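For clarity, chains are labelled A, B, C and D in written order, and residue numbers in each chain start from 1.
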Amino acid sequence: MDNVQLAASAAALAPGNEIVLGKQFVEMTVAPELLVSTATALKQNKDTLFDMLVCITGVDWGKELGVVYHLRSTVSNHMIVLKTKVSDRENPEIDSLCSLWPAADFHEREVFDLLGIKFRGHPDLRRLFLDSTWGYPLRKDYKDDINILAK
Amino acid sequence: MEEAVNNIPLEEEEYIINMGPQHPSTHGVLRLVVSLKGEMVQNVEPHIGYIHRGIEKMCESLTYPQIIHLTDRMDYLSAHINNEAVSLAVEKALDIEVSDRVKYIRTILSELTRIQSHQLFWATFGMDLGGLTCFFYGLRDRELVMDIFEETCGGRMIVSYNCPGGLMNDIHPNFQKRTKDFIKYFRKTLPEYDRLLTGNVIFQERLKGIGIINREDAIAWGLTGPVGRASGFSCDIRKHNPYSAYNKVTFKEILYNEGDSFHRYQVRMDEMRESMDIIEQLIDNIPEGPYAEKMKPVIKLPEGEYWQSVETARGELGVFIVSDGNKNPYRMKFRSPCFANLAPLNILAKGFKIADLVAINGSLDLVIPDIDR
Amino acid sequence: MKFNIYDLTSFTQWIDSSLRASMSPGWAVAVEMIIIGLVILIFFALIGLFLVYAERKVCALMQNRLGPNRVGPGGIFQTVADLVKLLFVELVPIKNADKILFNLAPFIVIVASIMAIGALPFAKGLQAIDLNIGVFYLMAVSSMGVIGVLLAGWSSNNKYSLIGAMRSGAQIVSYELSVGLALITMVVLAGTMQLSEMIEAQRWGWFIFKGHIPAVIAFVIYIVAGTAETNRGPFDLAEAESELTAGYHTEYSGIKFALFFLAEYINMFIVAAIATTVFLGGWMPLHVYGWDGFNKVMDFIPPFFWFLGKSFGVVFLMMWLKWTFPRLRIDQLLTLEWKFLLPINIFNLLLMAFLVLVGWHW
Amino acid sequence: MRGFIKYIRSIFDGLISLLKGLSVTGKYFFKPGTTWTQQYPNNRKELKMFDRFKGEVTMPHNDKNEHKCTGCGICEINCPNGTIEIISASIVNEEGKKQRIIDKHIYHLGMCTFCGLCVKTCPFQALAFGQEFEHAVFDRTKLTKILNQPGSKLMKGVA
């Protein structure tokens, strides 16, 4: 299945999402409230069968905070990129995908630690690398005068 | 960190021990908070971040050629493959096709990296299980690979040999001879490894049936590399999404279905043989050509998102670059294999003994700087 | 007085009689005891230092490296330097440790091994005390060290130490059986428990040759169980560096650690010495019936060196085992004992008794 | 009965596997000639590093005490860690023109990660890697080095 077909079947599975045929992968921008249903549909449908969560990346897009999911189907070896964004920078919340892929556990904790995005329904959302006194270093507005040497 | 220990709910007769961050068998600064009942492991909770250097944050203020040297320091045992991942991602974004010579050399060096990483795994795994002699044999033979790297790349572990567009410099004239000598030597020495450890009845009893994870769970947890392949999850990026010269060589993807610690070990032992096969197919046929493409002095990626995954010695390393068209990446993310492989440690080790926890932890072959980044 | 290196009986008797001549019998015994104590202590320290050096050199060669080679020629003073360093290392006080037991533990370990050394026959006439239940005494005394290990683990206030100590306890309780049964097999063959008589009985053939297959099996079992009893690899679960950092002696430092360390090597020597005495003829040279010339040459080597040579041979065997095999797990350790060694041992004992009854031994 | 045979078999198989292991270590013990340990401080005279070994960044000078560094600062820009600092000066050369030359090429060895970008990007090949690796000092300020030798000049024909 090539990317065009994948985009078509993904669009059929999860309507209401913006689908872009990227250079490498099919990229799908999902509204935060549709995330779990879209991911469930993508995982369970026989055509797509995205059974492996490769990576979760948190990105600070400036105004919004975003999370990028890379999913892969181990059967047909294709990948899809799910993107979701929240505009609330103070208290960003996105639904957790831990129940679909246990791999999301650590990845979501990492995103929470470094960008401060809370994942609703995560079983054990604690900071992963840093202790509680730190800010969220991967946000673009993060300032650390002591540890970051500006050249 | 103290609250982490106090918050664990304990049943009757349970107690907690802290393995790490300074412990001989956690291979670095991994901290495992283990609740035990007698010797039986009830719960393992990994605490990481002791060597978190913020590489992803640092990347945001560096140019692409400068990022290469940071990736050396993530999974320092697959340094060359990490470099390759970033280089490939940048080349993919710029639509640059490197010469076959570069591809061949990268592939050979990647496989050498894999061999030395697995040698070190063998060495330390033997040591984890109490066979100290393995450690010295493994490191002795690894030294030969290190010499190959040192002669060609200038560094032993931290090679920094790749750059976007090719290699830092051409291979050393001695490279081919040295590599062939090593393969010849190591083909003789590898059976010795098997005699000393693999066939040993104590070793097998210690590992067989310990820390089992089945294929479905392995996929769901995103386990890749030898850990995933021991469970029967065919996840070799070299096979499924070939990069560099992997589509020009024939090799076998090692798969086992048992998914226990012994087969995680066995996958690596077999992979060393496969790697030697790959090197032998390439080493005499390195084509002529430039060792690096001409690049602009300042590399700017076009706006967009780029993903490149490679197969390091531990599994799938994904490089995700979000570029806003500047010379620095807007966001750089490394999907490191050890990070995913560490996550299911609790379900792997639950119900086994503390000695098994050490064996399971060893068989996952974690490199802590790769987890923390 | 005639000092004869091949038979030290007259020498020791001369010391005894001259002491008794110069003072009252009670004092003479006291002085003798002090002399013996000093000699044993010096021997203890020397053999400990030598064995540590030997172990390091042997394991280095097996691991394809050079081993200590900087202090003195071939590094022979390395262990002396290490000992001096250990003497000056700070004794770290442990919070909430049971002070009395914590300090007592190394001494119990060391006293147990000194007591065992006292009864060993080093050469003809060179034996502090020749008990008529020598084998029994050695078995009893050599298993006393575990009390020290248990105390050390308990009093350190450290969970690693406690796990190590409990493992050690389970291990010694189990393997004591195998050691005992293997030795009893040989006692059946010898017909005596007195060490001097056992050695005398091996004048024309060591027991390992005399006893045919049962003796060989008993020897193998003894070496395995003896290695386990001294907490050495592959049975070093009590220390288990990669699991328990250092097991029962995690919290010890300086001279107290040195005592544990030394005791491990002395215990190894004791196990080897008992094996030598019971299986390999003790200080008795290798004699083959009928080969007079050969026997003369063998007799030319003093018994003391025969004893040390054989003991170090067995020690080397134990080192070889340690530096080759990975460590067992605690349940496998107990499985090995109760499912393999013990049944084989009992069967072996019956076989030996049968052989002796039928008279098939030489 | 079958169980008993299996039991005996397991004993012998186990013993054979153990003996195989012993044969490996025994081989090295009784044939110690295969050791290739380098006795480092003793073999200092013979010890030669590979010519590409990245020990430190140096600036090669010829016998007339001339180097190739023009002070362009490309290495400084390319260095990821701020290891290199260039202090340039301007002089009036023989032709009467103002010329930018290097005053001090400061190299902080303590910060260097040996990525090789300075050597690679230098347009005049003024920098090279030295094979010296014994860098331990008691005072970390000694790790800051000035690469151009005192009184050195720019080589003729470079830029």
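Just so it is clear, a contact is a pair of C-beta atoms (placed from the backbone, for glycine too) under 8 Å apart; a residue touches a chain by one contact, two chains touch by 3 or more.
Just so it is clear, the model here is predicted, and its values are computed rather than measured.
Hopping across touching chains, the smallest step count from subunit A to subunit D is 2.
Judged by contacting C-beta pairs, the busier of the interfaces A-B and C-D is A-B.
Of all chains, the one whose mean C-alpha position sits at the greatest distance from that of subunit A is C. Once CA atoms are averaged chain by chain and compared with the all-protein CA average, the nearest chain turns out to be B.
One finds 24 Å separating the Cα centroids of subunit B and subunit D. Centroids built from CA atoms put subunit D at 51 Å from subunit C.
Averaged C-alpha coordinates give centres for subunit B and subunit C that are 45 Å from one another.
Among all residues of subunit C, those that touch two or more other chains are 62-65, 323-325.
Within subunit D, residues 18, 21, 24-25 each touch two or more of the remaining chains. Residues of subunit A in contact with at least two other chains: none.
Going by the touch rule set out above, the chain pairs that meet are A-B, B-C, B-D, C-D.
Of all residues in subunit C, only 59, 62-65, 159-160, 163, 233-234, 236-237, 240-243, 245, 323-332 touch subunit B in the complex they form.
Against subunit D, in their complex, subunit C makes its touches with residues 58, 61-66, 69, 320-321, 323-325, 340, 344. Considering their complex, residues 13-14, 17-18, 20-21, 23-25, 36, 49-50, 52-54, 78, 80, 113-117, 120-121, 129 of subunit D touch subunit B.
Every residue of subunit A that touches subunit B in the complex is listed here, in rising order: 22-25, 27, 51-55, 57, 59-60, 68, 70, 74, 77, 79, 81, 101-103, 105-107, 110, 114, 128-131, 137-138. On the side of subunit B, the complex with subunit A involves touching residues 1, 48-49, 52, 54, 56-57, 92, 217, 219-222, 233-235, 240-241, 304-307, 309, 316, 318, 320, 322, 330-331, 333, 335, 339-340, 342-344, 372.
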